[in-house]
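Here the structure is laid out as structure tokens; the discussion comes afterwards.
Residue numbering begins at 1 within each chain, and the chains themselves are lettered A, B, C and D in the order written.
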Amino acid sequence: MSRRSLKHYLYVTIFGTHTRAGRLFDILLIIAILSSLLVLTLESVPSIASEWGKQLRALEYTFTCLFTLEYLLRLYCSPKPSAYAKSFYGVVDLLAILPTYLAFLFPAASSMSVIRLLRVMRIFRILKLVRYLQDSNILLRSLLMARRKIFIFFSTVAILVTIFGSLIFIIEGPENGFTSIPKSIYWAIVTITTVGYGDLVPQTHLGKAIASITMLLGYSILAVPTGIITAELSQEMRTHKTLVKCPNCSKSGHESDAIHCKYCGGELAEPNQRVVVNEGKN
Amino acid sequence: MSRRSLKHYLYVTIFGTHTRAGRLFDILLIIAILSSLLVLTLESVPSIASEWGKQLRALEYTFTCLFTLEYLLRLYCSPKPSAYAKSFYGVVDLLAILPTYLAFLFPAASSMSVIRLLRVMRIFRILKLVRYLQDSNILLRSLLMARRKIFIFFSTVAILVTIFGSLIFIIEGPENGFTSIPKSIYWAIVTITTVGYGDLVPQTHLGKAIASITMLLGYSILAVPTGIITAELSQEMRTHKTLVKCPNCSKSGHESDAIHCKYCGGELAEPNQRVVVNEGKN
Amino acid sequence: MSRRSLKHYLYVTIFGTHTRAGRLFDILLIIAILSSLLVLTLESVPSIASEWGKQLRALEYTFTCLFTLEYLLRLYCSPKPSAYAKSFYGVVDLLAILPTYLAFLFPAASSMSVIRLLRVMRIFRILKLVRYLQDSNILLRSLLMARRKIFIFFSTVAILVTIFGSLIFIIEGPENGFTSIPKSIYWAIVTITTVGYGDLVPQTHLGKAIASITMLLGYSILAVPTGIITAELSQEMRTHKTLVKCPNCSKSGHESDAIHCKYCGGELAEPNQRVVVNEGKN
Amino acid sequence: MSRRSLKHYLYVTIFGTHTRAGRLFDILLIIAILSSLLVLTLESVPSIASEWGKQLRALEYTFTCLFTLEYLLRLYCSPKPSAYAKSFYGVVDLLAILPTYLAFLFPAASSMSVIRLLRVMRIFRILKLVRYLQDSNILLRSLLMARRKIFIFFSTVAILVTIFGSLIFIIEGPENGFTSIPKSIYWAIVTITTVGYGDLVPQTHLGKAIASITMLLGYSILAVPTGIITAELSQEMRTHKTLVKCPNCSKSGHESDAIHCKYCGGELAEPNQRVVVNEGKN
């Protein structure tokens, strides 16, 4: 195999998902990421760390070596290494290995090693897999279409939380635990999101009335983001459905997992090809 | 009645729901399952067990005998006994009776007897009833259609929970109760799902800020699975509706509980027959 | 005014909502109901009862007299007094006055007086008002259409709650507060509905893992009833819209609050008449 | 620049959003509002107030002066000053500056200074910005269309909360913390909205059963407002979409962010013009 074809083969395997080797690589990578996350997590449990600390550290070094090798290979086989290095995943890939080396060089910076948990974001690579591409595109586009409505919703929640937080601060006051406005706003967030820790609760009658209104408001305005996303999503799904055309009779409106045209029976384009077409249009 | 016709009669009664006897059998079975669950539940309450223990155990033995008889009858009248024994319900039916016998033979294994509560899954048999078949099919198919979107949603939640869990672990640390990353991830799950037990709450200002973001995120991303399922469900319901055709004028689009065609007044196929047709198509 | 026309006038005023007097009566009635509820509620607060007890009791007697008068008038002017007395509202109306008389006759039964709070259900009468009739009909019909799906959902929740309750009972056990299976099922309900009181929390690692799964499940399956009701509701709203027909050009599809036909400009039937037509069809 | 044109220039800049200066003014205003809110919030934290109190107060006075200047300018350049002063935003603008002056004149009234936090409502001005106008209109109109259904929903919740509150009051009683009906209704609201502080929990078996029903009810009826708003919102979005017409080929049904007609390629009216047209129709 020539050097160029090797580079291309690596590229197709590591970055692509169309070949069998590419899919295998993706699956192995996800297993490695999940295992390394498990190791990092277990290392933080004092009782486990004291007993298995050595073995866990050895495993962690192994995973870091593997991820370093993978990073170098990606840099090597990428047609534009600098573009990859500056991309979102390129930075995440680097952040996933850097802390281990820094902790090795400067033992004092070991607390920084939690950054390694950002490795978890590498799991998003799974969305690259053909099966999930279409669905994650639909979800992302719905969120994108709804971004202004979501912003308005969050502004409204921020305003409500400030108003109810200051109200409870005046009514309850420091003697009942509401020592400052930021703390009262924290209480309002805990209440309006229906989390309700119970570490800070109103004691006076009026405070309880205000809390009740906050809860009922939080309970009902949850309906707004749901309504926004549902409306956008069902519109997006309907649009997407109509985009799939039969190459034989040109009729559209096929289910996204249909293989044959429901009007003439002609074979439809393969799902991953269809996705490419849609992406070109958007 | 010949042996063969008896076997067939039993099969139609025990497995089927079309005859009056079959429906009666199903209703009696569900009453027996619910009663035996009540007995098992009450047996676990110390104050009740010390007073009524004997009677409850006698009832439990009676139910186990009944369920054993039912299991043997099912094996006997099933056209393919081995297929039934290996099916999901076959295993559940066996698990519902086995622990009682094991506890009888090996008194030490009595703690295992909680497995008997898996009996509760036998209630799903109720979905076999014609009235619920159509609706449970629609629900199941919607969930099936949405499986990839739900998987993407859960991956995103898992990633968010890991990130916010590690963040709170760095900020709050063991002195405020966040003794390890798994425990911090547990806190993040309690917070992002808006459960909010309050057994673990942030104490520092920065921790409270991070907690507020986690809550608001959890509060809003709840909109995503709702949006997904609503969109799939309304599509499924629309599709299902159009599938019902009038045998007289061939026009479709009838309500799922319509009896007569709304265009020509011709009688529509019976609901259970329609269901069979749909199932054959899927 | 003859006796018969008086009876009819009373009937139209008390039971009807079309006349000005009828609407005024409804509004006064709702104010009286709300005031009497406030009186009952305040009476239960020890500090208020000790100071204002006498006045509150006097007010309560006044309201009871008014409601008794109203009940007798309803019986008098109703075309079929026995039908009214046996109807849902007839029973509620009686339950709203009976406890006060019983407490007067048998002072020992005063604890029973809380039943008077069922008076709150009389507020539903407000839905009789024309403006709300249409909307409450749409909501009710959606819930009715979705009743089987909601039943399946609740069965599934019941089964999940039993399974996770027994699991946590085995794992945590009485030493961590999970003293019986009913109590563990109570914990599972508190967790799966994302209420999260925090009076009962898992202490072991495995228990926390099980709790996390319960929370995530509860968090996501909330999407199912929302999906069901949204899908039914939007279908119901679309159907309802199409039912409104223009008496001039016979074209349908008008907004529910439209006054003129959007195709020919002809005046549409009045909303309350339209509702009657729909009710006749269903 | 003549006096009249200056007045007009100020009006376009301060009230309008079409000119570059207008947009810049809006952005600066929002930054000033957010900063002043931060100052007010920090002032309430005892530890910060004792150290930075002076500086924070100085900043607060600066912001009050700026807002006073802005208020006077708005009064000056508005074509109808009295109409502005009486409008919602006019009152909010006045309330945002008044308390500081009052606290200066009557130092005793300093507790009233929390009213200054109502300044947060000025943030809603951001919705005036063209990009958000359309989306906030759609959201507002959906809520407006759904107002009766939301009212019915809240009445039902109020009735449920009264019934379950009185039930738990009878069952648990003052010995378990449920000292009065208002407090029990507060518990019912905390439970039905799934907030679950845990400051008041049922202790008896029957109380826990009632609490479980309350939770399951609260968990499911959340689906109702979501369904209402989703259904209205998707209808509103569909209607809004169809209202956008191509001036060239007169075909409608364009995406709300489309610039060219998707049928003939003709340029569509600018978004803000389209909005004005819609508002005229409603």
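The definition used in the following text is that a contact is a pair of C-beta atoms (placed from the backbone, for glycine too) under 8 Å apart; a residue touches a chain by one contact, two chains touch by 3 or more.
Note that the structure is a prediction, hence the values are computed from the model and not measured.
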Other chains in touch with both subunit B and subunit C: A, D
Over half of the interface residue numbers used by both subunit A and subunit D, so same, or under half, so different? different
Work out which of B-D, A-C or C-D repeats the contact pattern of B-C, with more than half of the residue-numbered contact pairs in common. C-D
Of the pairs A-C and A-B, which shows more C-beta pairs in contact? A-B
Greatest centre-to-centre gap (Cα means) from subunit D is with chain B
Using Cα averages as centroids, what's the distance between subunit A and subunit B in whole Å? 29
Distance-wise, how many Å sit between the C-alpha centres of subunit A and subunit C, to the nearest whole number? 41
Pull out every residue in subunit C that's touching 2 or more other chains. 153, 182, 194-198, 218, 222, 226, 228, 230, 234
Can you list the subunit A residues touching subunit D in their complex? 148-149, 151-153, 155, 158-159, 162-163, 166, 169-170, 174, 179-182, 185, 191, 194-198, 201, 205, 208, 211-212, 215-216, 218-220, 222-224, 226-228, 230-231, 234-235
The subunit D residues in contact with subunit B across the complex are 194-198, 226, 230
Mind pulling up the subunit A residues that touch subunit B in the complex? 37, 40-42, 44-46, 111, 114, 117-118, 120-121, 123-124, 126-127, 131-132, 135-136, 138-139, 142, 150, 153-154, 157, 182-183, 186, 189-190, 192-199, 218, 222, 225-226, 228-230, 232-234, 237
